[in-house]
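Each of the two complexes below includes chain A, the first together with chain B, the second together with chain C.
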Partner chain A sequence: MSNDFAQFQDAFFEEAAEHLAVVEEGLLQLEQHPEDLDLLNKIFRSAHSIKGASGMFGFNAVAQFTHKMETLLDLLRNGQTAVTSKNADLLLKSTDCLKTLIDAAKSGTPVDNETVKRLTVELAAASDMNVKAESKVEKGASTSLSVPSPLTPHPLRCFHIDWAPPEWLFQRGLDPLQVIKELGDLGTLSQVAVDASRLPDITEMDPERCYLSWSMRLETGKDQQVVEAVFEFVREDSVLTIEERETLGVKRETQDEKAMASGASREPVAAPHPSPLTSDGSDSEPKPLGEILVESGVVSREVLDGALAQQKRVGEILIEQHAASPQQVEQALHKQRQQEAASQSKKTDTASIRVDTAKIDKLINLVGELVITQSMLSDLGTRFEMNQIHVLLERMAQLERNTREIQERVMSIRMLPIGTAFSRFPRLVRDLSARAGKKIQLVLSGEETELDKTVIESIGDPLTHLVRNSADHGLETPEVRLDDNKPEVGTIRLNAFHEGGNICITVEDDGRGLDREKILAKAVTQGLIAENEKLTDDQIWSMIFKPGFSTADKITDISGRGVGMDVVKRNIENLGGTISIKTEKGKGTRFTLKLPLTLAIIEGMTVRVGRETYIVPLLSILESLQPRPESVKTVIGKGELINVRNTYLPIVRLYEVFSLEPEHTDPTKGILLILETEGECVAVMVDEILGQQQVVIKSMEQNFRKVEGIAGATILGDGTVGFILDVRGLFEIACREASLVA
Partner chain B sequence: MAAAHPETVMKHLHQPSESATNGSQFLTFNLGEELYGVDILRVQEIKGYTAVTKIPNTPSYIKGVLNLRGTIVPIVELRTKFGMPTIEYTMFTVIVVVVVKDKVMGLVVDAVSDVLDIDKKDVQAPPNFGARINVSFMNGIGKSGDKLVTLLDIDRMLSGEDLQGVAAA
Partner chain C sequence: MSKTALVVDDSPTMRQMVAFTLTNAGFTVVEAEHGKDAVRKVSDGGKMDIVVTDLNMPEMDGITLIKELRKLAAFKFTPILMLTTESAMEKKQAGKAAGATGWIVKPFNPEVLLKTIAKVMPA
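Let's turn to the complex of A and B:
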């Protein structure tokens, strides 16, 4: 049962994250187009969905906070107040806060209660101002004597509600408490009484039946329709009466005043304290023992507080009794925290994907076709004669078509538009520009480009880093920009597009560009290069990807560039991608990320060495050639080099590295593949190139272990296993063996 | 559950017999004239020998890897592992696919022989040959009629740096 529930909770968190993203994105757009009502409605709907769902799952803190946001949003929506940047800012901050609240509900991470409180007050104040303004317009002079509550903008009405829910209430998964709580959200509930007279003997009781009914009194500023709407889902078969008793002409008094007033003049109030189901923030958890004792008058609040102060934690008691040392307790607590953290990380790991039903339907159709083709083939197989060979070939072709289509469809299920990864940047840039005092506009394009979900998830952080770098260090301050005859507003461009079998993402700014001299000087002081070493521009730019580069002592101009850039590069390379830089001093910098569309399938070149077949990732192949004898040279009699357009590259003979029996041992008879890895090039010698094909990557580690020089395995056309070469690994083996020989 | 998976059936059939006889069932196979046994619950399947792909730079007893319905499974040549001379593969040469610590592996053996019930009392501790023969991967010597079965501890035998990237425990 609890597991099922957890499953729904996961769905809730996922949805909440999506709604939050909508809210945030909407708010950012709203700043640009304050009059866009559709946008406001969209934001409101998302916020409302979060509120509804969180209430349903009992995340009251989330529900209440969202409710406050919703109040303000509602006022904005009704045009009762204008969308100011102050309001938008407040709502954005609240969105962040809501995010932490939801995270807290999900994994129990601590919440900054101060922030929550402060924002709640601010939200209430914002809505309040609007209310004040509105009530003045409506009634001229406001009669408000006390602090008006944001929740009750209208004169108070008093309803008496009798509700006998239908017996099937629980069977449909509805919760009467939820209804009562919602009523509590509308105003102040009092005199909530339950009628348990229909409750049968426990032996005859059907736990799925609802025998209870309630009566209560609700003071609210809302209309009767609003109150009735609360019962929307449970109205059927309910016995429900909602009677308006009297209209209170004045605004709601503070709690104390109301208690006094109602005690004196109106009908007697049963409970002197407001019921726990009022709008002022208590939740559904059973009351602690102390509270009940205080309420029933057994002990006074002071006595209870004193007793609670004496109460100790288990650890302290154990230390006092000398059963455990403080260190041991501390260790145990530490362990507990670790376990909590571990269980949290486990929780967050479960990933799911939402798929368009249309995609699934198509897939099912295709599988249907596949089954038909298969049965046609097996039918043919049972009574096959040679003259039917053309039928066989035709059906084989059909099978191939089906398979390819299914493959494409299944892959497309994992594909998501990259917009989901881009969506965080408008906010990031907005905050960054405010903090750095720069004017920045962000231009996004190609958001609809689709790529693998895993890739999208893993490029978020590297991209954030690049964007932040561009905003922090790439773009200049408005004054500097104006001095340089550039537009005051700096531009950061994020673009995504397909190129060949890859996806390219560019992060581009029109800032000051990388400073060649400073990077060079830094590289020399860090001992990365020799003083007078000749380097190409590309080699210099790639310096900023070296670990620790520029972190040690900061050069004012390019500080930060390079901090963590090694991590960016590593992340991209882990995804099988590459990163390159193009920069011009004073004009700007462009980072280009080239990523495979998916992690599961790569484009590969099949090559043969002796009797073995290997696959070389196409991404790493620059070119392939058969060398002329005069272009192969040796160094120290052993190290072979090949001259490719006046650059000498080391030759690695694959058969030597893998101890195979080759067909050719002479480089001029075999084929050299020029492979690139991390900016270095190497010529790998194979016997023959067989062709190019897409290969599905299979894990070697699942049943075996990592093998040096091999990135993974795949199933070749004939059903046997082929290995995918790990170019970097090959290079390392070759270097090691060379050093052994030397 | 009209059409249960054969493996499931196998497991269900075996469990009661194990508790009833207080012994175990072993799949036995030949290497030359000798008979070896592995706990049948560890055997996933038996398949005829098909060509494998050699893995570069690995010990000789690792024959290579095989595509077993889409998963890559390493194949160990048991004769080489035991330092016995290799022979030509025949139509009886099979691969016994076993599960070792959640990993699936294949063992090349000369031929499968039988499934034997061996009572606990018929199992004796591995003999001591001193340093001449390593008996650490034997669970014991089982007797079934006049046959002698060397019971293998495949966990110990097949986990190690060469095979699973971890040092043997």
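Let's turn to the complex of A and C:
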């Protein structure tokens, strides 16, 4: 059959992620509002949807685990069990576990089976307060629609069927004819007789009621269960007898028939679950030996689990046989994990994006306009005369407007509200405050601020680190805060807002602030600075971004192992952003991340050196100037410097770096651009500033290779390639040259 | 003329899968996100040959939707199937009392879905 649900898997994973977020967020809110039934219903529905859909794809581990969660949630929403922090905690942990299970289904990442097992037991125990409800749901899960399967043809049998449907049959949209037809499909139907004795007098008759009953004889190769299944939707309400009269051909008596014959039960024996797709049909993978043994009753599940636990891994066996050293095995395992991680990240890269159809409609309209403008232009081109130049300019302006609008619209497709990146923090802060014994409230604002999906995805980890830092290092314990006349509850604020073509995200706490002296002392002991070196505040704060730098007296499990802040900075810079610190002792610290709205396009300043054109990211330009001769100095050990308002900055002559033939070699004749990178400045000498424009970044690494001092390339208006300067790289070149001169 | 089907489920994945199966089987499918959406979409008095609805939905659940549909002349005798994970009796009973024709237990595969529809829908 051409129907195949597998193609909907990606959609499922996307939906599941959304449901997980709803469940998690809902559970966190539930702690504050345990009586909120709407909230509970919402959580329940999300869990329910995950369960339903995961079963469709054969993700049984997910379905089973979600079922356990759902059972507890159902008890909570029916008020049979109270919403306690213990229950909420258990459900939150289970949500995490469910996440790993779904990831496992998605990309085959390993699952911590111990945790799954433990949480399953805990969930069952929590739900066990009302045993009846539990067993009811269990029963529900096990009796399911039987799928009559065309197995080997049975010998023909003969059934006599008497059926008196309920009077309201029609009101449920049921048609007795359908049932009789379906019976006919099973075999040969004969002696069909209708019993109209229940028909009332015509004056009392309700045409919407069913007063008829039927009796018939069915010869079929199917067994009784299949025949009963025909009456599935009406059986419980009908007076129905299905009796096997005589067997044609070989007499065969199954257990069901015996039960049926003795009238012990009309319930069909629960058929196995309709097989989900992945394990459906003949081309399914064979089951593991253990499963088959359990199913056939040779061994019990416990015995099998015990045996599996004794099973050794390949690595262990090889070590025992001295075929490989533990280190070699460890290395190989490490490699395997890396490969797994790599394949996993590859998989997440192909993620889809859900776009509002309205956005696409607008885009199509715009493309239509673009086509019109284009045809107007080509029309003009075929019969152009110089006196029509104003028409041409007008059309060009229209083209530019179209292009810009399309660009904006296309970008907006990739734009998502940053709230999706913020949503993980309520949970994080809750866990952190519990673990660190601090009272912390989290205030989020600007969640609706939109930015590029890739930026949102990459910003999560750095933000998490900053929030952890604030919770662990920034905020004090309640006792200390009370002593300092501060409110007992510390506050962490996350805010996002647009500023120019950038987005700013601030992470702010009202904690103790950075300790200038402590950072200085640590920097000296780590040899980062000389003992009596004079540093500005900003330079001191930027010390915490140096690799391996931590002033925490003790290492906690939250943060303080000295890894992280340097990674945070690097991540932000990889995104083309900057990070800055503002702090006041005793008052708090604020980290400000400034990020481009998108990674694909930057605002650039075009500059000329000789006959080459370069692009400088506008974000990094502080100012441009033409120096007076007396402000340019050559200092031994520092190279060439320029004095800008009493600060000396190194000069990088761009024509030297790229070996070009310049127009000017004298800094006082050319132009110096003061560029900022990571809080440090460098003066870059060029011949001329040409203008400002948006440029589309093309990767150098993908098309050529990494070139020092160059961040990427772009196509300029005249069709030539222009290089985009890498300010950080230029600064490093300047530092290196200075040390060479020394 | 092709047969028409109304598919109601708040889970886009489920909805799409059902709609996809039915479209492949030659149905013209109308999708709705929940009961209210469904009621709105049939408020023009149009008929459907079959309705497939989830039970747990925001805004208006499946049981209420079935009751609402049965009040409409166009849906008085239309086969309505409910999608359910719990084949627990009270859900089935509530559905039947509301006027549901039958049910499909999740997880199901396309064949089961189409077979069940064929079972209740006049050819």
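The criterion applied here is as follows: the second predicted complex is superposed on the first by the 469 of 742 C-alpha atoms of A that agree within 3 Å, B and C clash if a C-alpha of one lies under 4 Å from a C-alpha of the other, contacts with A are read in each partner's own complex, and residues count from 1 in each chain.
The definition used in the following text is that a residue touches a chain if its C-beta (ideal position, glycine included) is under 8 Å from a C-beta of that chain, and two chains touch if they have at least 3 such contacts.
Keep in mind it's a predicted model, so treat the numbers as computed, not measured.
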item	value
Touching partner for A:H33 - first (chain B), second (chain C), both, neither	neither
Which superposed partner A:Q171 touches (first chain B, second chain C, both, neither)	second
Touched partner set for A:H498, first chain B, second chain C, both or neither	neither
First, second, both or neither for A:K585, with chain B first and chain C second	neither
Touching partner for A:R628 - first (chain B), second (chain C), both, neither	neither
Which superposed partner A:G722 touches (first chain B, second chain C, both, neither)	first
Dominant toucher of chain A (residue count), chain B or chain C	C
Interfacial residue positions of chain A with respect to chain C in the complex	1-5, 8, 11-12, 15, 41-42, 44-45, 48-49, 51-53, 55-58, 63, 136-137, 139-141, 143-145, 147, 170-175, 177-178, 182, 208, 230, 232-233, 237, 273-277, 280
Interface residues, chain B side, partner chain A - complex	51-58, 64-67, 70-74, 103-105, 163-165
Contact footprint of chain A on chain C as seen in their complex	10-14, 16-17, 20-21, 24-25, 54, 56-58, 70, 76-80, 83, 85-89, 91, 96, 99-112, 114, 116, 119-122
Residue ranges of chain A in contact with chain B within the complex	612, 657-660, 698-710, 713, 715, 719-723
